[in-house]
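Below you'll find the structures, each written out as structure tokens.
Two complexes come next, and they have one chain in common, chain A, joined by chain B in the first and chain C in the second.
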Partner chain A sequence: MLQNIVNALVLGSSYVMIAVGLTLVYGILKILHIAHAGIYAFGALFAVYLCEIGLPLVFAVTLSLILSALLGMIIYKGFYKHVLDRGRIVPLVMSVGLFATMEDLYRLMWGPYKRPFDVYIDLPDVMTMDLYLSSRGLLMLIVTAVVIVLLYLLLMRTKLGKSLRACSNDLGLAGAFGINTDRSVAFAFLIGSSLAALGGILVGLYDNTVYPTMGSVPSYKAFVVVVLGGFGSIRGAVVASYILALVETFVVYYFGFLLPRDAIAFLTMILLLMFKPEGLFGKVRR
Partner chain B sequence: MLEVEKLCVRYGKITAVDGVSFSLNEGELLAIVGANGAGKTSTLNAIMGLVKPHSGRIVFDGVDITHLEPWKRAHMGISIVPEGARPFADMTVIENLEVAAMNIDKAEAKRKMEWVFELFPRLAERKKQLAKTLSGGEKQMLAIARALVGPVKLLIMDEVSLGLMPRLVTEMFKIIERLKREKLTMLLAEQNTKKALQVADKVCVMQNGSIVLEGRPQDLLDSEEIKKAYLGI
Partner chain C sequence: MSLDYFLTVSVFSMINMILALSLNILIGYAGQVSLGHAAFFGIGAYASAILTVKLGMGYWPALLLSVFISGLIGLLLGLPALRVREDFLVLATIGVNFVVVSIFNYVKFFGGPYGILGLPRPSLFGHAFTTREYALYVFLWTLVVVFLVHYLSNTYLKLGFDALREDEDAAESVGVSSPRYKMYAFAIAGLLAGLAGNLWAHYMTVVFPDNFSFPVSIGILTMVVIGGVGTLVGPLIGAIIVTILPEVLRFARDYRMLIYGLIIVFTMFFMPKGIVGSIKGLIFGDTPLGKKRVEKVRRIAGAQGRIAGR
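Coming up: the complex of A and B.
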């Protein structure tokens, strides 16, 4: 039981990292930024590449986060920004195309095969009679907890955070109160993309594997989390990440022979939407 | 202070504002009245930068702001109370005000907050309450307060009385009168013609996107024909 809960917390943490950025972007621009998962994969692949050429892990991660954040901003400034007034379908199709292109580029740059993320983590494994948590799992839990606290402080206590929340509430009107909305959206992409990259790195470390298409499944899962949490709600995305992970872990543990893990995620989403169509923390849309 | 010249606003093939021109001096209150769909909101939104004009020119404080982004207009001192109040629903009352006061220094922001809480004591009691949980009247108060805490020189108000009970409408117009006494320049769009004429220095009557009549309130009220044909009073 305890082992399952801890496993679910680790899995949920990986969902948090990718879903929060997606929610941040959706909350403001109301577009589904599927290419976000491409940044998730980029963060992990680039960090592995930097480690392979001899950079220490901390520098590799820092550089990878910076570049991923910039990549996210380039996607906004270079692509989405020009089609925001053309409804939601155009940016969505563009996003899917970007994601597919990014995966192909990664194959060209780093090859199609799985690569190990073989670095030393200076944390102990947690081992008791009924629990095993690897140092990499522990790292995932610690980093996610720190990120959640920092994100909360950023959104609730800083001018940037309040600007982002105002944009999320009413992007059209936020500008009328002196908020440079274009800059706020760019910051949302910077923050969201660096979180996605961090998620990719942590998952890469935990699984000791990175590969060009590693963003595919998380992109669907992040979508489920965003819908479950209520479109645009950061708090909802965090809670939904852990609920989904708990449901997946326990259903797989007790009824694993019935459905694969990903099908459980979508079934959970469908069931919840039948009874609470606005998601856990979303606004009721009429 | 504000000059609008031959302003046109179009939504696709529909012309919402068709060659509207007017000017507003410092300390004046101009009321734009007219029926629903006359083009009042589109005119105000174009001045705030929330819609792009198809043609025409808007000059504020001697600067051509026709193509300026809304946030730059806000920094120049244009502020808006939008139709339907539209507070930032998932933020508290105080956070709504803090967002609008970001562009002024801390001491000035503090002074302005105290001032708006004095204008609207009910908001002071609900500082920590989420805007979406406020009543319709309180949301409107918050919208006015939010527009006032910034570096406001020109206050644009769009249908502040819409959907409010008569007692609250009277309360809102008392606030407008007080702001007028404090020499704030205001542009007011209203369907409640009677109330608008009581507070305005100048009136423009809009119909089908154009100004069909303008003048001093008393001049318009003196003509029974005008009252019947355009003002509906």
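Coming up: the complex of A and C.
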């Protein structure tokens, strides 16, 4: 029981990291940003690469996060920004194309195989009678907790956070009130992308493998979280991540391996969309 | 290049044409963006596989029944569309795709990850189709589908779809029942995709769950969008390009997916209306370049009119 809850917490933390960026982007631009998972994979792969050429872990992670953030901003400034006024399907297809391109680039650069993330982490393993949590899992929980607190402070207490919330409410109106919306959106991409990369690194550490297509499943699954969280609400996305992880873990535990967990997640999403289309925490929008 | 290779590529492009046309009815006509079209495709293929292999039916009754079943399930899977719109629908259909594929994968009845083997090729008067004859057979079906879709484009149904696509509330206000037309769109799309699935399954003679996974849906969407959403010729051209491109790019073996992805991105960048849409824009003056051209033609025509001294 306790073990299941802890497993679900670890899983949920990995969802939080990738879903926050998606929620930020969706909340403001209403784009289904599938290429987000490309950045998730990039963060992990690049960090492993830097570790392999001998940089210390902290430095490698920092550098990888910065580069991922820049990559996210390039995707916005170079691609999405120019197609925003062309309906919703154009950015979506573009995003799919970008994601395919990115995955293939990683394969060409770093090879198609799975690679271990071999670093030493200075944390103890948690081991009691009915609970096992590796040091890497513990790291994941701690980092995620810190990130959630920082994110809350950023969104609620700073001017940037205020402008982000305003943009997410109504982009046009925010612009009319003198907020530099273009800069805010760029910041949303910066923050979201670095968080996705951090998520990739943490998952890579926890599973001790990274590979070019590691973003394929999270890319679409993270949208389940965005839907559950009510499209654009960060708080909703965080809560929904953990709820989804708990539901998945316990369904698999109690009902056996009837369907893979991804299918359970999507089934939950379809049911929710059918009966409560505004999401668990969303406001009703007309 | 052997004949068999050529035939296989052309059979695939024709099946893709049917798929693209069917998705185009949903996206281009009725405005319901679906990212789970491979699920419909897979349902057609699996229905036919089960009917012929597991239940020992002949090909022709199985064809009818499997297409009918796909249409029915299409109708069922269209139900979420009655509740949700736009991006929500996109996500719901992605979900449908994942769920359908994992049902194929995890339920024993559907053969699990090893799929179903040994589908028969169709036969007529005791003569089983050879590859060449099968290609002709697929070609005939493609013609039928093209004419069917062309016929639909000139019916009242298409007007209803247009109204639905442009504005659901406005359509309701003039008496176009949006649930009804959505169901029509999903049923027709399901029927056509089921037909494509049937043709594909009996060409390959095996079906695996992976053949109908999410990337396949993306591929079908790409065909429609690259060709031109909402046109009749666009999806056909798109299907040919998307099928043949990987074959043509075979010389660039390692960079295939990369080039493929980049082509998608840059088509969206420079021709967001697809190839046919852009050409139409050029002729009728919807795009900046086209507008310039049309104005020039008007100016010249006007000048000539004055010279002629009306």
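One rule holds for everything that comes next: the second predicted complex is superposed on the first by the 284 of 286 C-alpha atoms of A that agree within 3 Å, B and C clash if a C-alpha of one lies under 4 Å from a C-alpha of the other, contacts with A are read in each partner's own complex, and residues count from 1 in each chain.
One rule holds in what follows: contacts are C-beta pairs under 8 Å (C-beta built on N, C-alpha and C of every residue); 3 or more make two chains touch, one makes a residue touch a chain.
Every value quoted in this text rests on a predicted model; they were computed, and no experiment measured them.
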{"item": "When chain B and chain C are modelled together on chain A, clash or fit", "value": "fit"}
{"item": "Partner chain(s) touched by A:97 [first = chain B, second = chain C, both, neither]", "value": "second"}
{"item": "Contacts of A:180 with chain B and chain C, given as first, second, both or neither", "value": "first"}
{"item": "Chain B versus chain C as contact partner of A:172, first or second or both or neither", "value": "first"}
{"item": "First (chain B), second (chain C), both or neither touched by A:267", "value": "second"}
{"item": "Chain A residues touched by each partner, larger count belonging to chain B or chain C", "value": "C"}
{"item": "First, second, both or neither for A:161, with chain B first and chain C second", "value": "neither"}
{"item": "Minimum C-alpha spacing, chains overlaid - chain B and chain C, in Å", "value": "10"}
{"item": "Chain A contact footprint on chain C (complex, rising order)", "value": "27, 33, 79-80, 83-84, 86-88, 90-92, 94-96, 98-99, 102-103, 105-106, 214, 218, 221-222, 225, 229, 254-255, 257-258, 260-265, 268-269, 272"}
{"item": "Contacting residues of chain A [partner chain B, same complex]", "value": "159, 162-163, 165-166, 168-170, 172-182, 283"}
{"item": "Of all residues in chain B, those that touch chain A in their complex", "value": "48-50, 69-71, 73-75, 79-80, 82, 86, 88-91, 95, 98-100, 102-103, 146, 150-151"}
{"item": "For the chain A and chain C complex, residues of the former touching the latter", "value": "26, 30, 32, 79, 82-83, 86-94, 96-105, 108, 220, 223-224, 227, 231, 257-260, 262-263, 266-267, 269-270, 273-275, 277"}
